[in-house]
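So, here's a batch of structures to check.
Across the two complexes that follow, chain A remains constant while its partner is chain B and subsequently chain C.
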Partner chain A sequence: MTDAAYNFAYLDEATKRMIRRALLKGLAIPGYQVPFASREMPMPYGWGTGGVQVTAACLTPGDTLKVIDQGADDTTNAVSIRKFFERTAGVATTERTAGASVIQTRHRIPEKPLTEGQILVYQVPIPEPLRFLEPRESETRRMHALEEYGLMHVKLYEDVARHGAIATSYAYPVRVEGRYVMDPSPIPKFDNPKLSGMAAIQLFGAGREQRVYALPPYSRVVSLDFEDHPFEPTKADHDCDLCGASASYLDEVITDDAGGRMFVCSDTDYCAGRRAAGQRGRLAPEGEA
Partner chain B sequence: MYVATKGGERAIDAAHQWLAEERRGSPSVPELSIAQIREQMTLAVNRVMAEGSLYDPDLAALAIKQARGDLIEAIFLIRAYRTTLPRFGASAPVETGGMAITRRISATFKDAPGGQVLGPTFDYTHRLLDFKLMAEGAAQEAARKPADPEPAPHILSLLDRDGLMEPLAATDDTPRDLTREPLELPADRPLRLQALARGDEGFLLSLAYSTQRGYGRTHAFVGELRIGTCAVEMEIPELGFAVEIGEIELTECETVNQFTGSKTEPPQFTRGYGLVMGQSERKAISMSLVDRALRWEELGEENTGAPAQDTEFVLYHADNIQATGFLEHIKLPHYVDFQSELELIRKLRREAAGVQMREAAE
Partner chain C sequence: MTAFDRTLTASADAPLLSVQDLTKRYGRRIGCERVSFDLWPGEVLGIVGESGSGKSTLLGCLAGHLAADEGQILYRGHDILAMSEPERRLLSRTEWAFVHQNPRDGLRMGVSAGGNVGERLMAIGARNYGAIRNAASDWLTKVEIDPGRIDDRPRAFSGGMQQRLQIARNLVTAPRLVFMDEPTGGLDVSVQARLLDLLRGLVRDMGLSVVIVTHDLAVARLLADRLMVMKDGRVIETGLTDQVLDDPQAAYTQLLVSSVLQV
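Right, the complex of A and B next:
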């Protein structure tokens, strides 16, 4: 059911062209934040307006779209964005990672490796990795231009000095192709290694902050660290209680008020796929194959 | 037993239905019409038009009704609608000097050509609840007199003639369009004024107030505040001349600010400027004070570090649609990030406890 009152994928063609130009620039300068004339969208800033604009600019009628939030297809905002594109673009949608040509995500990278021809679109709240060290945009743009990243290293060093470890667990800064320091969006640092060498195109959209940036396929992306304090992707030290996966990112779920808890895959498609293939976790329901 | 939360879609649909029911309120009370909101909630309609950047009283009234009276939500509805509209062109600059005036006051001159017109103002009302309004009282018809035929030029232009006002250079440059280009700094005055004109009234009010209390003080007098309707004209290329396409109500405020001179400028009076769609004098005055405070650099004044002097701070935080979106998005699920924080805190605590135990053992 397409809403005929609006153009395909909501935005008018001139706006989409403007966004595509910005995206091409972003792909040409990996990790560089390209200003773009972000539009007001019919959902609030902070709900993924940047990602939605990037997705709208990339979608073609033949695409199959998957939308996840926190790794899950059925979280309310993922449902809402998927519905928006079903309504305004009429494209096919899927929950299967492998079956999607465009995946819009908030806070996660799917567990299943993406392939060439796929596009991963990230929703980004604060695109500037240096923002919490320097609040001024005019200043941070200069720092990027001059490759002046000392402040970031000092911050990481102070973490080590004070806590014995780098105290950043998500939105962990990376360096792209040895040049730009980039915010990977608030994905857990567990997902950082997947950014590097990915076969799919990675596009990042920050609507309120009016920035897009991109990683072309197979870009080299390095999480910032020190030789004696190497970067360490972490997850809960458990297996998934539903599918038994030991290497997927887990959500901790409180099951009672007596300290009971269980751990389940945050990537719902990955977990469901494993269970369908007969894998079982500690608390998988009896009836399940 | 844990079951993954399913049915987000059903929950959303049900929430929307409930919301619609709440918006309507008790069905035993007659429904508000758009015309009632437009005519009787005019100042709310004006604010929605001004900050929504779309002059359409009916749509603004509709937005207020749909938003259950939440004006920022209504502004958001208007903005989201506005951005989808095609652009046929730009009007000629509106000539506020030729405004059909409903209110015009000056705090700097007792009288001026064109006179002072109080107009429909709350200024000298006593703020006593009028309980008669609970019983739908009809308003008494106001006294009338024929409009003054004398023109009412801008009051500051009279000072200008004596060379006491800072000169303003007219320019034909096309200003940058905030809604079609990303905001980039440095922002010149036209761009700043654009951002302030659609900025949040409350934010500008507080900033302007802070300058009055000494954070970037600019010694402002209201040189002139005028409210009225102005013709909007548009050049039609096929015709080769401008035709009037409608009229809009505007509130314009010009402040006169004491200025003792700087290294680059002689002592003179300087200006702050505010222009807002509809009748919105609080916003127009606030805007002109903030505009003046932001001009410190071009006037060679000292930067005292006051918030109202900080262009980047003001422009990046004045938009209530951006602000409310980002503020409220923290309601969305963040459990992936929170989980990674949990792991980190547990790890740091384990390590800290290990250090303490080692120290105790030593």
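Right, the complex of A and C next:
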């Protein structure tokens, strides 16, 4: 079969319309999980089938797409999804955060603040924040409907009781506009403050679980906490070893088997941009800049 | 929910819970039929009867776990069956409590003892970790569990401790009305005795009203002020506990009382 045999962005128009309707409902009720008829995609569950369907429903031929995986543009998941849309939609792609109109992401929010007119699509493995506390889906839906969120704090209580601090470091539960408690997908809690008041539209797609949810621009998103154990965004206590950034989220890279390690920005575009502008970190190669 | 303002004192000359002609059918079979009673503040009502007599169905209907087919339940003058679900659930988190026969049904087994006790507090808006932990620790002491075990999971507890933990978890929000379904079932005799002592003390100290379902007449004798004897879904005899047990009127009650094993 040739690529031309596929409709624009792989999914047929009726499916995209169905997903758009779910997304509009999600935007109208921020944080509410809208069921949708998730399709089989030509990739395994867990590889972003939800995000891909949301992206396919949002793309227009004039869009520029950026795909990141853990902040990086060059990892397997990002490369294969970017190629997928290059082939099936023929849209322009970019690695520059500022140059993209649609950004599909796995587990990170770009460091560079997004602007109005951009869409950020998250890949979500488990959309239900209460899942591991209350296994019955019928019950969790009722709890959302009745705003019974005490159980979410039981999880945080357990964290403090066991570790002395809220040890949840990713997929940190948030409350949207004072109403729905939402799983922000497994982004590090360092990124949680960026969810709130973001200028871009944020869409969340969970393919296996058949749910989409959304945050309209400038939504108020609050991370749950205790009065005496307030929420704290955390990151590795280092500067980036390539670009010297002190306020970006870092990955730890083991460099040898003698305990050598370096910390680098997880957002590759942000790091490359800073190095191009002449910033240097502790281990930046000599020839550069 | 100003209707259930905690500052309102329960009026002593009105029943706390008033049940009229409560009926629950399972298809054509009868769960319980035309049950009526009043429960007064501070009173312990025992419901006894053999297996399948409709005791647990009645308790389930009262606590809102089962939908009644007919009848009326008034709690402090409010019609429970006509209440919206959020109101009813709030009620069952604050003013009511339910102690299951099997502690595994009433506890979160994957959550520490402290988390189990604190859950109801957090559900009604407690957001201070220190305060929640202190309350949990207090309650563990009250139910005779070493507060040093606050971070242990219920799995690591014995059956009797699990049951006491379930009681602590239910009473932490100082409810007025407690439903108990065979709270001593499945415990050995000495543990049962300690649990009954504890329950009796708590009921006295907190002025709780209790509806307790049991098939064990000894439990009923120890805890209940009044007894209701059920058979085939109907109430066949009611009265003060001592009166019913010492001078049973209905033939079935006589049989029930005489079948207790004497040691």
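Everything that follows uses one rule, which is that the second predicted complex is superposed on the first by the 287 of 289 C-alpha atoms of A that agree within 3 Å, B and C clash if a C-alpha of one lies under 4 Å from a C-alpha of the other, contacts with A are read in each partner's own complex, and residues count from 1 in each chain.
Basically, a contact is a pair of C-beta atoms (placed from the backbone, for glycine too) under 8 Å apart; a residue touches a chain by one contact, two chains touch by 3 or more.
Being a predicted model, the structure only gives us computed values, none of them experimental.
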{"item": "Larger contact residue set on chain A - chain B or chain C", "value": "B"}
{"item": "Which superposed partner A:28 touches (first chain B, second chain C, both, neither)", "value": "neither"}
{"item": "Which of chain B and chain C A:229 touches, first, second, both or neither", "value": "second"}
{"item": "Partner chain in contact with A:148 - chain B first, chain C second, else both or neither", "value": "second"}
{"item": "Which superposed partner A:158 touches (first chain B, second chain C, both, neither)", "value": "second"}
{"item": "Touched partner set for A:40, first chain B, second chain C, both or neither", "value": "first"}
{"item": "Complex interface listing, chain A residues touching chain B", "value": "6, 12, 35-42, 44-47, 49, 69-72, 74-80, 83, 106-108, 125, 136-138, 163-165, 167, 169-171, 186-190, 208, 210-211, 234-236, 241, 249-253, 255, 262, 264, 266, 268, 283, 285"}
{"item": "Complex interface listing, chain B residues touching chain A", "value": "1-2, 4-9, 11-12, 76, 79-80, 82-84, 86, 179-186, 312, 316, 321-322, 324-330, 332-337, 339-344, 347-348, 351"}
{"item": "Chain C-touching residues of chain A, taken from the complex the two chains share", "value": "133, 146, 148, 150-151, 153-154, 157-158, 160-162, 226-229"}
{"item": "Chain A partner contacts - residues on chain C that touch it in the complex", "value": "85-86, 89, 108, 111-112, 114-115, 118-125, 127-130, 132-133, 150-151"}
